[in-house]
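In the two complexes that follow, chain A is the common piece, with chain B as its partner first and chain C second.
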Partner chain A sequence: MIRAYGPALALIALAALVPFAVSANTVLNFVVFALIIALAAQGWNLLGGLAGQFSFGHAAFFGTGAYAAAILQTRYGVNAWAAFACGIALAGAVGWIIGFLSFRSGLRGSYFALVTLAFAEVFRILANASSVTGGAAGTLVKLDVRPENFQFASRGAFVWIAVALVGFVLLMTIAISRSRFGAWLTAVRENEDAARALGVDTLSVKLKAITLSAAITGAAGALYVQYYLYLDAGIAYGAWISVEALIAPIVGGIGTAFGPVLGAVALHVFGEVAKAVAGGIPGIDLVLYGLLLVATIAFAPDGLMGLLKRLARRKAQETR
Partner chain B sequence: MTMKTEVSRRAVLAGTAAGTAALAVPGVLRAQTKTVKIGILQPVTGALAYDGQQGQIGAEAAIKAINDAGGIKSLGGAKLEMVFGDARSTPEGGTAEVERMQAEGVVGIVGGFASPICLAASQAAARYDLPYIVDVGVADSIVTRGLKNTFRFGPGFGMVTKTALANLAKLNDEAGKPAKTVVLVHEDGLFGAGLAKLMQAELPKLGFEILDTIAHPTPARDMSNIALQIRSKNPDLVIPSSYYGEFALLARTMQQQRIKPKGIYAVLNGAASNYRFVKEFNEAAQFVMDCNHWHDPRKPVAEALRKQVEASGKFWTYNIPLNYSCVGLLADAIEKAGSTDKAKVTEALAASTYAGHIMPYGPTKFVDGQNQGGAPVNTQVQGNDIKVIFPSDFADAKPVFPRPA
Partner chain C sequence: MLTVNAATKRFGGLVAVDAASLEVAPGSITGLIGPNGAGKTTLFTLIAGFETPSSGTILFDGADVTALPAHRRAERGIARTFQIVQPFAGLSVVENIAVGAYLRHPRRVDAQAKARAVADLVGLGGMLDQPAAALTVAGRKRLELARALATEPKLLLLDEVLAGLNPSEIRDMLPVIRQIRGRGVTILMVEHVMQAVMSLCEHIHVLAQGKIIAEGKPAEIAAHPAVIEAYLGQGAAKRLQAAPTGGAHA
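Now for the complex of A and B:
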């Protein structure tokens, strides 16, 4: 038990201390954003990493969570915390529907990826045209800093909420990978036909995975809107978040519990360091960031988790 | 991890220093302050990079002009120091930079350019009661949120459309009503879609018949289909609301396919009042009209700045005079407040009657953060130049409408 959950708990405890150690809002703001991306990436990792169903359209879930949280508050006067929960539930429902439509018709691999991409695009266009979402003008959540509105004067409070969410999903991912459900997911990922032949209900397993995955990414969206208080179709359903959600686990380590968190934080720290180092010319930091990304992929094909494991193994061999 | 604590320690130090400075007795402050930091926020990378860079030119020119003229006199000639932030064309990029600027101790922030960035960044600044002056962002919601710290110097969307429609009716009436039918072409984002909706409601009241409304995404790589649709409808007037690339493409495609409506009347168009367009696609640009932000050609400072910008090989766009004026407005407020105290500067902004700007607005007067004098003008590309055709009290050319065949 301690071996399985210990590192995760230690990491969560460490992250929860950040607001005590750091008072600069610049840093706290950065931490919150990196954790929002980490959360979205954890959602992707559950479906893409554990169940092997690569999605290019997690924006569909991020956006649904975000829009639901925002619209329920602004249009229907729902309490922000309740709206947040509804956002997560609705994102999960959208995940189930997309999963039902595509998995039932037997879409796999690149076909599934393309369908998810299409769904996200359709959602983006609809959100851009519909009047419920505020159309192209977007939805603005009123700035009213009160804890019951899920708005806090200190950035530290948001850090704790983000840490709590990411931490919860981290523990859940570990629990899943140790459970029977986790074994089914691995079976589906490694060989779906063989899994079915052995009696795994692959459709139901995949549906559960996409629903859970969508709910997690939806939570990231709802947290985004609660933090930035503004949303438009490009932010909610834009390709940027699909890419962020996918690239963090790839860099961090696909299918591992820590991968998405590590990847998201590392990538954004890279970004900030590049910004600090580059200075002067606009955009040079993005070039630097790109180079670092290429280097990471080239030297750590299994992601940072893979790299860490390799280093640990080498050290163990040396000491032997 | 070690890196992170280092960064934070430095940031904490900077924050503490700024805090102490702000808390210090005003008298002591006056004696000690040699520079006043102001934040300039522009999207200089990403999709809006061009506009952001143009805005930066204007802001830098203003800071230089103010410093050369002796800085902030009520603070003992304190010089303005720019803290520049790249908003990266995203709201969260803008927010992150506002946090950094606040940590570095800026007195106020100018910029944002796009409405989503302005909305998010001004809200982030509101948490610190940090004055925020919107340079361009036209969404009406920017000034209707009740944020005390947010001021918009230029006109909002509602004002621009109202003026555009009134001037269009006037233009058509004066020419003997040659235009009866219209095709609307718009980008499907915030301003294009919103504008099209307003036009659809208002144009019929003014006696125009809308033959078609064509939306396109940004970016769009091919405008042939839209040009063909325009040809088949054969309208008297085309009203496009798009960003630079799309409209330049449309104008060129229309020229290639010899589609010649009686007029092209753009509203808040990214290209129609841009010298780059006039220079690169001169033939396609001829007689295109626009209703947009524009500097006041009667003001010598404006014309001098324009010459200076053009001499450095850059194109003149409305972002430059708007940012130049907004920085001037903030400096004037700091001057009037005689302090770098954020609350006092906000108060000075709210009561501001600044006339030193280079836009055709008259002295500033803010109601709920919106400058009441802010208004667009109508321009038309004539030859190699962009001329002001409305309002007539400072127009430097007569409108050419309908355009010669």
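Now for the complex of A and C:
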């Protein structure tokens, strides 16, 4: 138990100390943003990493979570916390529907990836045209800084909320990996036919995975809108978040519990440093992301987690 | 235990299995043999639920399972191995077997304990933590068998578990199969290694061009004219009878 959950609990405790150690707004801003990406990436990792169903369209879930949270507050006067919960639930529902449509018809691999991409793009175009979402002008959540509105004067509070969400999903991912459901996810990833022969209901396993995955990424979207209080179709359903959600786990270590978190933080530290060094070249961080992704796939296919494991093993051999 | 009633499977214009009927008695080792392309593996996929028959029914334990998907049949107690082994390559040996064990043991500790016990039974006890991808062909065949066994089946469908093994590996495998039957598991096996089929099976069905052309005890099958013709070509039975020195190698 301690061996399985200890490192995760230690990391969560450490992250929770950040607001005490740092007060600079730029740093806290950075931490919250990186954690939002980490959360979205954790969602992607559950479906893409554990169950092996690569999605190119997790924006569909991020955006649904974000828009649901925003619109329920602004148009229907729903309490922000309740809207947040609704956002998660709706994103999960969208995940189930997309999963049902594509998995039932047996879509796998690149076909599934393309269908998810198509869904995200359709949502983006619809959100950009619809009046409910505010169209191209976007949606503003009214600034009213009160805890019951899910708005806080200090950025530290947002850090804690983000740490709590990411930490919860981290522990949940570890628990899943050690459970029957986790074994079934891996079995589906490795070989669906063999899994069916062993009594695994592959359709139901994949549907559970995509629903949970979508709900987690939806939570990231809802948190995003609560923090920035502004949303438009490009942010909510744009390809950027689909890409962020899949690059972070691949760089960090696909299918591992820590991978998405590690990857998201590492990528964004890297991006910030690149921006600082390269100065005014717009989009330089994205160029570097691409290079980093290529380097990861070429030299460290198991991501940073794989590298760390290899280093630890080498060290153990040296001390022996 | 298992009754296949006039099962037919068509793929477009090709009739892979043509009104095949067979019966597997509880506690037996039953063989299904036939020349290449006879439809043996297709018949297996119908029994295991990976394909549904175009017509005909499949009864298991007295219940009609024709419409049940593969995973539900596994729950009922039908397990299969694959002719082309399908290990979960990224997982260790014990994790591979545990996927099967989880069917009846939802808790991790129970599933792992079951997986270890099954690994010992098939002779993989020493390689629990090896990655499945690192196993030899013989090791993978054993893993295939172990995973299926871990689901605690009543009926085990073995699709050429001996193919690709060398003679000494086959010799090691035979007692494992007998031991599985000794534990009360009924076995239906597709096999090309005739020596093994003849020594293991009590009853044999012969499939050729999708049809069951003969059935009976191993000795009867070996001497059956239709079987000899299916393997060696039309008129072979007669020619063998005419030539007094031939005939014992079928």
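Basically, the second predicted complex is superposed on the first by the 298 of 320 C-alpha atoms of A that agree within 3 Å, B and C clash if a C-alpha of one lies under 4 Å from a C-alpha of the other, contacts with A are read in each partner's own complex, and residues count from 1 in each chain.
Just so it is clear, a residue touches a chain if its C-beta (ideal position, glycine included) is under 8 Å from a C-beta of that chain, and two chains touch if they have at least 3 such contacts.
Predicted, not measured: the structure shown is a model, and the values here were computed from it.
By the touch criterion defined above, A:Trp160 lies against neither chain B nor chain C after alignment on the C-alpha atoms of chain A. When the two structures are aligned on the shared chain, A:Val145 is found in touch with chain B, with no touch to chain C.
In the superposition on chain A, A:Ala129 makes contact with chain B only, while chain C stays out of contact range. Once chain A of one complex is fitted onto chain A of the other, the partner contacts of A:Thr186 are limited to chain C, with no touch recorded for chain B.
A count of residues in chain A touched by chain B and by chain C gives the higher number to B.
When both complexes are overlaid on chain A, the residue A:Phe168 reaches neither chain B nor chain C.
Within the superposed three-chain model, A:Phe100 lies out of touch with both chain B and chain C [touch as defined at top]. With both structures placed on the common chain, the touch criterion links A:Tyr5 to neither chain B nor chain C.
By the touch criterion given at the top, residues 178-180, 183-184, 186-187, 189-191, 193-202 of chain A touch chain C in their complex. Only residues 21-27, 29-30, 33, 125, 128-129, 135-138, 140, 142-143, 145, 153, 228-230, 232, 234-235, 240, 269, 272-273, 276, 282-283, 286 of chain A touch chain B when the two sit together in their complex.
Against chain A, the residues of chain C that register as touching in their complex are 48, 50, 69-72, 74-75, 79-82, 86-91, 95, 98-100, 102-103, 106-108, 111, 147-148, 150-151.
The residues of chain B lying in touch with chain A in their complex are 3-5, 7-8, 11-12, 14-15, 44-45, 49, 53, 86, 90-92, 95-96, 99-100, 102-103, 115-116, 119-120, 123, 126-127, 139, 141, 145, 147, 188-194.
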